[in-house]
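Labels for the chains are A, B, C and D, by order of writing; each one numbers its residues from 1.
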Amino acid sequence: MSLLTAMWTFPLAAAAFCLAAGRFGRSTARAAALAVSIVYFALSLWLLRPFVASAGQAVLVVSGRPLAFGVSYLLSADGLSAALIALTAFLNLLCVLASWKLDVSAGYWAAFQALAAALAGVFLARDLFFFYVFWEATLIPMFFIVGIWGSDNRRHAAVKFFLFTFAGSILMLLALIAAVVAHHGLTGVWTWDLKALLGTEFGAAAPWIFLGLVVGFGVKIPIVPLHTWLPDAHTEAPAAGSVMLAGVMLKMGLYGLIRVAFPLLPGITVAWAPYMALVAGVGTVYGALCAMAQTDLKRLIAYSSIAHLGFCLLGLVSLTAVGLAGGSLQMINHGITTGALFFLVGFLYERGHKRGLSDFGGLVKRAPVFSFFFGFAVFASIGLPGLNGFVGEFMCLSGIAISQAPIYAVVGCVGVTLAAAYLLPAYQSVFWAPEGPGSVSDHVDDLDAREKGILWTLCALMLWIGLAPHAWLQVLEPSIRGLVK
Amino acid sequence: MTAAQIPMTAWLLFIAPVTAILIGFFVLRPLKPEWTHWPILISCAIVTLCAFSLTARVYSGRGSFDVNFWRWAAAGDWAIDFGLRIDGPGTAVLSMVALVGSLIHVYAAGYMEGDPGFSRFFLVFHLFFLAMIGLLTANNYVQLYLFWEMVGVASYLLIGFWLHKESARKAALKAFLTNRVGDFGFLLALLLILVNFHVAHFHLLYVVIGSQLAHGQIPSSLPLIGLLLIWAACAKSAQFPLYFWLPDAMEGPTPTSALMHAATMVTAGVFLLIRSWPLIAAVPYLPHLIAGIGAFTAVFAALLAATKRDLKRILAYSTVSHLGLMMLALGMGDITLAIFHLIVHGFFKAALFLCAGNIGHAVHKPTVDVDEVGGWAKALPATYVVFWICALSLAGIWPMAGFYSKDAIIDFAREGGGWIAWAAPLISFGSAFYIFRMLLLTFHGDRPEQNRLQKHPHEAGPMMVVPIAFLAVGAALVGWIAPALSRLVATGWIGLPVGLAGMTGVLNLPGNVSLPALSVRDMFSLGGGMAALGAASAYYLTMIDAGFDWRWRKAKPGTDAAFDADLGWKTLVAAFASGVAAFARVTGRVFDKGVWDGLIESGAEAFYDVSDGLATFAQGRLNDALWWMAAGALLILGMAIR
Amino acid sequence: MNLLAPQAVLAAGVVGALGLGLRRRSSGAAARVLALAAPLIALLALCRLLASGSTGAPLPPLIHLDLKGLYWQAAIYLGALPLAVLSSGDDVETALFLGATLGMGLLAAAATLPMLFVGLEFMSLPAYLLVARAGEGNARGRLEAAVKYFFAGAFAGAMFLLGMSLYYAATGSLAAVAGPIGPEAQAGLALMGAAALFKAGSVPLHWWLPDVYEASSPEVAGFLSTSMKAAAVLFLMRIVALAPQAEFASALPALGALTTLVGAILALRQKRLQRLLAYSSLAHAGLLILGVGAWAALGRGPQATLALLFYVVAYAFMSNGVFLFLKASGLETREQLRGYAARRPWLAAAFAVLLLSLGGIPPTGGFLAKFLVLWQAVRASLWGPALVAALAALASLGYYLGLVRDAYFEEPAGAAPAEGCKTAALVVGLCALGALLLGAAPLLMGGLGVWR
Amino acid sequence: MTALLWTITGALFAAGLAMVVFRRQMLAMLLGVEMMLAAVNVSLVHHARLFGDPGALAAVAIVIAIAAAEAVVGLSLILRALRAGRGVDADGLTELNG
C-alpha cells in the first residue's frame, strides 16, 4: 500500500482500533488514540519530507485504478496537500492531548481519527468523485463530535451545521456532475479525473458550474452571507472539535477553490474574481464587526474566523503569486492560531464551565501562564508582525492590491484595523479586569504541563512562521503556481 | 558589501537584548524574578557601547552600510528581504535611544523595586528596547513596520501594566487602537509602495523615485503614499488629529512614560518620515502639510499643557507639543534639525518624566497633581536641581541644549513666513509658561488653596537619582554636538555601501534633499525672548498672584471642562468610537443573529409549517384518497395528450 | 437451466405452504423453512442464471426475460429475504408472502400487457391480505390499512385495464410496438402509467402508502417498500418501453421531484416512527420515479438502467433495515428513541448507518444510489427536478439526522422499551453492513460490466 | 359501432368510478370497482373481434377471473371489518391519518 493510501486508511483503521480498545476501558481507548495520533503525525511528516527537501517541487501520485462510472482511485500530493495533512495530523495529536482529562467513551477518540481520515482524503483526492465522498464524509464524525460531546445547545448546532454545509455541498455535487456531463458531451468519455477535466470548454454552463462550486466551497469557508452555521457550531462543539472545525475543516473550502474551482474554470475565475474579492472584503469587515458585538468568548473567536478566512479568500481571488501563496500560508496560520485560541477557551471552559466575557476576570493573577499564552495567541490573531498572522494577511493584501480589484485591499486594511478592536477588549475583560459578580475565576487554575506543552508547540510555530515564512512558502508556492494569472 | 561583512557590533545590537530577554523569561522569571533586570541591564550596557561604536564608525565615514541578509518571504516575483541599514540618521537616533534608554532602565530598577510585576515589567520594557533598535536599523518598510508594531505592543502592555486599574486598561486599549488606526495608513502606504515600485527597500526606492524625478515625473501614487505615511506618523508621534492617546498613556509606570511616551517610541513617527523623506519631498505641499500639522499641534498642545494639573499629563502634552516642533522642522525640509531636536528632547523630557516619577515616588503615588504638592524644593533637592536644568532646556534658554535645537526651529520657521512664522514665538512662549508653572507650583511656594498631601516627601535612592543626573547633564550639554550631528547625518546618506537584491556598490542619495549644516546659534533671539516672557508670566501667575490657578477654574467651570476635553476633540473621538461600537452591536446582534440567521432558521422552520399544512390534507378518508387518485390519473392523462 | 426456474421455485413454495394448511396441526417450523427456503433458492437460481448470462423467451409471447427482468428479480428477492427470515410460521401468511413474491417475479418476466396485469394482481392481492393478517397487535389499524390498500389497488387495476384497452384499440397490439403511436394509444399508456405510478407511490396517487406502511407489521412494511417498490419501478419502465415515445414519461421527472419533496416534508413532523419511515419511503419513491423519467429521456440507455437497478438494490438493504429496526427495538415513537444509543449501542449504530445511507451521505450505498440517479437527471438536463430533488434531500436529512440526534444526543427518558426481536436485530446489522459495503461495491465491481 | 361501444365502456367505467369515489358504503364501492373492470371488457371484446385476435379474448377471460378474485379478497376484507365492529362505512376507517 502506498504512502498516500495509508494517509487516509491508517486513521480509519485507527478509529476502529480506538473503538476496539474501548472494550478494555476508557483510558485504554485514550492511550490507543494517543499512540495512533503520534504515529499518524509521524506519517504526515514523512509525507511532507520530500516537499521540504525539494522546496515543494516534488509531486507524489498514486496513479489510480480506473473503477466504474468513469471514476478512478486517484491520489496525489503536492506541497499544499502535504502541508494541510500535516496540519491535520498535528492538530489531531494536540486534540487528543487536550482532551486527555475528559471522561469520554471510545467513540470520541475514534471520531477524531475518522475525521482525520476523511480530511486527508479530501486533500489527496484528485478524482472529483472521491473528493466529494471524502468531503461529505468529514461531516459525519464532526456531527457526532458536536452533537454528543458539545455544550448546552449542541443538538441544534450539530444538525444546523450538517444541514447547512450539506446544502452547499449538494449544489457543489450538482455542479461537479454538470462538469462531468459536459465533458462527456464534448469527448464522449466519462471521467471524474480532475486532470482530464481541466481545459474543458463548458460554454454557457460554465457560470452555473462555477456558481455551484463557489457556493459549495463558500459555505465551508464560510463566506458572508453563508456563514451563520459557523458561530453556532464552533461555540457548541467541544474544544477539540472547535479546533478541528476551525483549524482544518474551514480550509477545505479554500482548498476546494484552489484545487477544483479555479483550475476547472479559469475564464470564469478571472471574470468573477472582483466579485469574490468583494465578498471576501465584506467578510473581513463584517466578521470583525460581528465579533465586536459578542459577549461569549468562543463565539467571538468563531466570528474572528470568518474575518480571517476573508483574508485568505482575498489572497486567493487576487490570482497573483503572492496572494495565492499568502492565502495558502494563511490557511495554515489560521489553523495554528485559532487552534490555540480554541484550545485555550476550551481549557477555560473545562475549569469554569462558562464562556462569557463577564464570567471571568483577573485571571492574570490566578493563572499567569494561561494569560501569557492567550495574549500571545491573541496578538498572533490580530496580525502582529513577527507572528504568523501578519505574514499571511500581508501577503494576501499585497496580492489583492496588485490584482484587478485593488480597492478591496483598502477594505482588507479596515479589517486588519478592526481585528484589535474585538480581541483585545475581550482579552482585557477576561484576564486583566477585576472579577465581577458571579465570576467563576476562582475555579481557574493555571495550565498544567500537558496544556503548556500543547501551547508551547503552537506558539513556537506562530513565531517560526512569523519570522521565517520563506521556508513554508517554498513548500506551498509551487502548488499554486499554475493558478497565477 | 555582503552580509558577512556586517560588523559584530551591529549583530550585538540584537543578540544582547534577545539573549537577555530569553534568560529573563525562561530562567529568572520562574526561579528568581527579582533578578530579572540583571541580564537586561548588562544588555543595555552592551547595546549602548555598540551603538556608540557604530556611530563613531559612521561618523568617521567608513561604517555606514545597507545590507540584506535574510529572505523573509517570497512568492513569484514578489519578495521581501530583511537587512540592516546603519546610516547617519539611524545611528544618531540610535545612540540617543541606547543611552537614554539604558539610563531609564537603571532608574526603573529602582523605581519598580518591590512591585509584584517587576519581572514582567523588565521583560516587556526590554522587548520595547529591542523593537526600537530594530526600528532604527531596518532597511525596508516591511521590517520597519514589523518593529513599529512591536513597539506598539510593548507600549500597550506597559500602559496597561497596572491591570487592576480600569483607567490603565482603557488607556492601553486606546493607545493601541489609535495606533492601529494610524497603522491602517502605514499598511496601505506599504501596499501602494509595493504595487507601484515593487520594492520596499528604502534605498532602492530612493533610487527608483530619484530616477523618475530626474525625468521630471512625479509618480502619480506618490502624493497618496505620502499622505498615508503622514497619517501613520501622526498616530505614532501623537500629532493632531490622532494625538489624544498619548496623555492617557501616562497611566503606565513612570519609566515607561519617560522612555516610550516621551523620549523614544513617539519619535518613531518622526523617524518614519525621515526615512520617507525622499518620497515626501518629491511631492510639493506635503512638506508644508507636515509643517502645518506640526505647528498647529505644537501650539494647541502647549495651550492645553498650561491648563492641566496632573504632572505627568502636563509633560505628556508638552511631549505632543515638542513632537509638533520636530514635525515643523521636518516639514520645513531640515532633517538634521528634526533629528537634533529629537535627540535633545529625548534627554530633557526623559529627565523631566523621571523627576515627576521621583515626586510621585516620594509620596508613593504613581501620579501627582499640582494641587497636591508645593514647596518641595528642600525635600527633593536633587530632583529639584535636575528639574530646573531640564526646564530651562525645554524652555529653550541659553546655554541649555534646548536653546540650540528649539531656537533653531523657531528661527527657521520665522524665515519661512506665513502663519507658521506667527505660531513659532507662541510655541516658545507657551512651553516656557507651562514648564515654569509646573516647576513653581511643585517646588516653590505654599498656596492656601492647595490640597496638600499629608505626607513627608523624601528623596529617592541613588538608583533613581544618578540616572536623572546624567540625563540632566545631557539636557544641558548635547546642544554642542550640533556641528558633529550635521556631519554624521550627511555622512550616512551619501556614499552608502549597499548589498541589496539587484544592487551592490556605493550609492549616493539622489538630489532634492537638502541637508543644511547646523550652526552654533546666537544667545539672543526672538525665541529666547519669548521664552523668558513665558517664564516671567508663569512666575507672576504662580508666585505673585498665587491663587490664580484655582480661582479661574472655580470662576469658569465651563472653560475648565472645555480644556479638560481638549476643546471638544476628545468628545468627538469618543463619540466616533462609541458610534463604531454601536454599529458593531447592531451588525452582530440585531442583524446577524436576529435578522439574517433568523431568516435562515425560519427557512428551515418553514419546512415544518408546510409539513403541518400538507398533513391536514391527509385525513385518512378513503374516498378522498380515491378522489385524488382519479384526479391524479386525469392529470397524467392530460399531460400525455396535450 | 430454465429461465423461469426462480418463479417455479416460488410457485412450488406457494403450493407447499397451502398444502401445509391441510394438516391438522402445524408447528410452524415447516412453514418457516418454506418461507425462507423458497426465496433463497429462487435467488440462488437467479444468480446462476445471471452468471450464465442467458436471456430469452421461454414462453412466447407471454414471457420474455431480458437482463433487466433478471436483475430486477434479484433486487426483488433480496428485498423479500428479511421477511422470509422473520416469517411467523403461519402457513397462510407464508403462502401469501410467497404468492406476492411470485407475482413480482411474473411481473418481471411479463412480455404482454395481460401477463403484466396478471403479475400485478398476483402480487397485489396477497399483499392486501398480508397487510391485514401478518403481525401482532393493532389489528384494527391493519384491517383499515388493508381495506384502503385494497380499494386503491383495485382502482389502479381498473385504470390499468382501461389504459390497456385504449392502447389495444389504438394499436391492435397487447405488447410493445415499434412505430409511432397516436394520441389514443398515448392516453392508454398514460393510464397504465398512472397505475404503475400508483404502485410506486407517486404523488398524488400515494395516499394509501403511509397508512399501509404504518399499520402493517414492520417486516411487511419493509417487504412492501422494497420488493414491491422495485417491482413497481420495473412495471413503470415496462410501460414506458411499450412505445418508442411515451408522452406521459415527460411528466415523470416533475412527478418524481414533487413526490420526493412531499414525502420528505411530510415526514418531518411525524411522531410515530413507522409513519415517518413510510413518508421517507415515499421520498425515495420520488427519486426512483425521477430516475425513470431520466431513463426515458435518455433513450432508456443501460447507464440509467444501472442507476435505477442500483437504487432498488441499495434501497432493499436500507429500507428493510430501518423497518426491521423497529421490530428489533420495539420502539414506536420518536420520544422512545431518545437516548437509545446508550441502551443498545450496536443496534443504534446500525440504525445510524442506515439512516445516513437513506440520507445519502457518503460513503454509503444510499449516497451512491442518489448520486447515480441525480447524475442521470442532470445528464438528461432535468435541472428543475434535480434541484427540487436536492432540496428534498436536504429536507429529508432534517429527519434522518433528527433520528440520529434523538438516538445519540438526547438523554434517555422514561422506562426502557420492551426487548425486541433478536433475529431482527441481526438482520438490521446485516442490512447496515450491506448499505455500507454498497457504497464501494459497484465501483469495485466495475459497474457490473455495464458501465466501466 | 366502435364509437357506441366506447360510449358504453366509458359510461360504465365512469359510473363505477363515481361509485368508488363518491359512495361511502364499502359494498357499493366494491361494486363500483367490479363495474369498472367489467366496462373494460366491453371494449376489449369488441376490439378482439375487430382485430380477429384471440389473445385479447384470453385477456378478457383473465380479467374476469381476476375480477372475481378481487371480489373475494375485497369481500373478505369488508366482512372482517364488519365483524371487527367497524361497519361498512368507509368514513369509519380514519384511524390512520396525518
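Everything that follows uses one rule, which is that contacts are C-beta pairs under 8 Å (C-beta built on N, C-alpha and C of every residue); 3 or more make two chains touch, one makes a residue touch a chain.
Just so we're clear, the structure is a prediction, and the values are computed from it rather than from any experiment.
Asker: Could you let me know which interface, A-C or A-B, is made of more C-beta pairs in contact?
Answerer: It is A-B, judged by the count of C-beta pairs in contact.
Asker: Closest chain to the protein's overall Cα mean, using per-chain Cα means, please.
Answerer: A
Asker: From the C-alpha centres, identify the chain that is farthest from chain A.
Answerer: D
Asker: So how far apart, in whole Å, are chain A and chain B when each is placed at the average of its C-alpha atoms?
Answerer: Spacing between the chain centres: roughly 37 Å.
Asker: Please work out the Cα centroid separation of chain A and chain C, and write it as a whole number of Å.
Answerer: Comparing mean C-alpha positions, chain C is 42 Å from chain A.
Asker: Provide the C-alpha centroid distance between chain C and chain D, rounded to the nearest whole angstrom.
Answerer: Taking the average C-alpha coordinate of chain C and of chain D, the gap between them is 26 Å.
Asker: Could you state the distance in Å from the CA-based centre of chain A to that of chain D?
Answerer: Here the centre of chain D sits 65 Å away from the centre of chain A.
Asker: Would you give the residues of chain C that are in contact with at least 2 other chains, written as numbers and ranges?
Answerer: 147-148, 151, 155, 210-211, 398
Asker: Using the touch rule from the top of the page, what residues of chain B touch 2 or more other chains?
Answerer: Where chain B meets two or more other chains at a single residue, that happens at 604, 615, 618, 620, 622, 626, 630.
Asker: If a residue has to touch 2 or more other chains to count, which residues of chain A qualify?
Answerer: Residues 163 of chain A each touch two or more of the other chains.
Asker: Could you run through all the chain pairs that touch each other?
Answerer: Chain pairs that touch: A-B, A-C, B-C, B-D, C-D.
Asker: Which bits of chain B are touching chain A when the two form their complex?
Answerer: 71-78, 142, 145-150, 153, 156, 160, 163-164, 166, 169, 172-173, 176-177, 180-181, 183-184, 187-188, 191-192, 194-195, 580-581, 583-589, 592, 596-597, 600-601, 604
Asker: Quick check: in the complex, which residue numbers of chain C touch chain B?
Answerer: Residues of chain C touching chain B: 147-148, 151-152, 155-156, 159, 183, 186-187, 189-191, 193-194, 197-198, 202-205, 207-208, 210-211, 246-248, 250-251, 255, 262, 265-269, 395, 398.
Asker: Touching chain C in the complex: which residues of chain B?
Answerer: Contact set of chain B toward chain C: 604, 607-608, 610-612, 614-615, 618, 620, 622, 624-626, 628-633, 635-637, 639-642.
Asker: Using the touch rule from the top, collect the residues of chain C that touch chain D in their complex.
Answerer: Listed in rising order, the residues of chain C that touch chain D are 61, 112-114, 117-118, 121, 125, 128-129, 132, 139-141, 143-148, 150-151, 154-155, 157-158, 161-162, 164-166, 168-169, 172, 174, 210-211, 214-215, 270, 275.
Asker: Taking the complex as given, what residues does chain A use to touch chain B?
Answerer: Touching chain B: residues 160, 163-164, 225, 228, 286, 289-294, 303, 320-322, 324-326, 362, 364, 379, 384-386, 390-391, 394-395, 397-398, 401-402, 406, 409-410, 413-414, 416-417, 420-422, 424-425, 428, 431-434, 468-470, 473, 477, 481, 484 of chain A.
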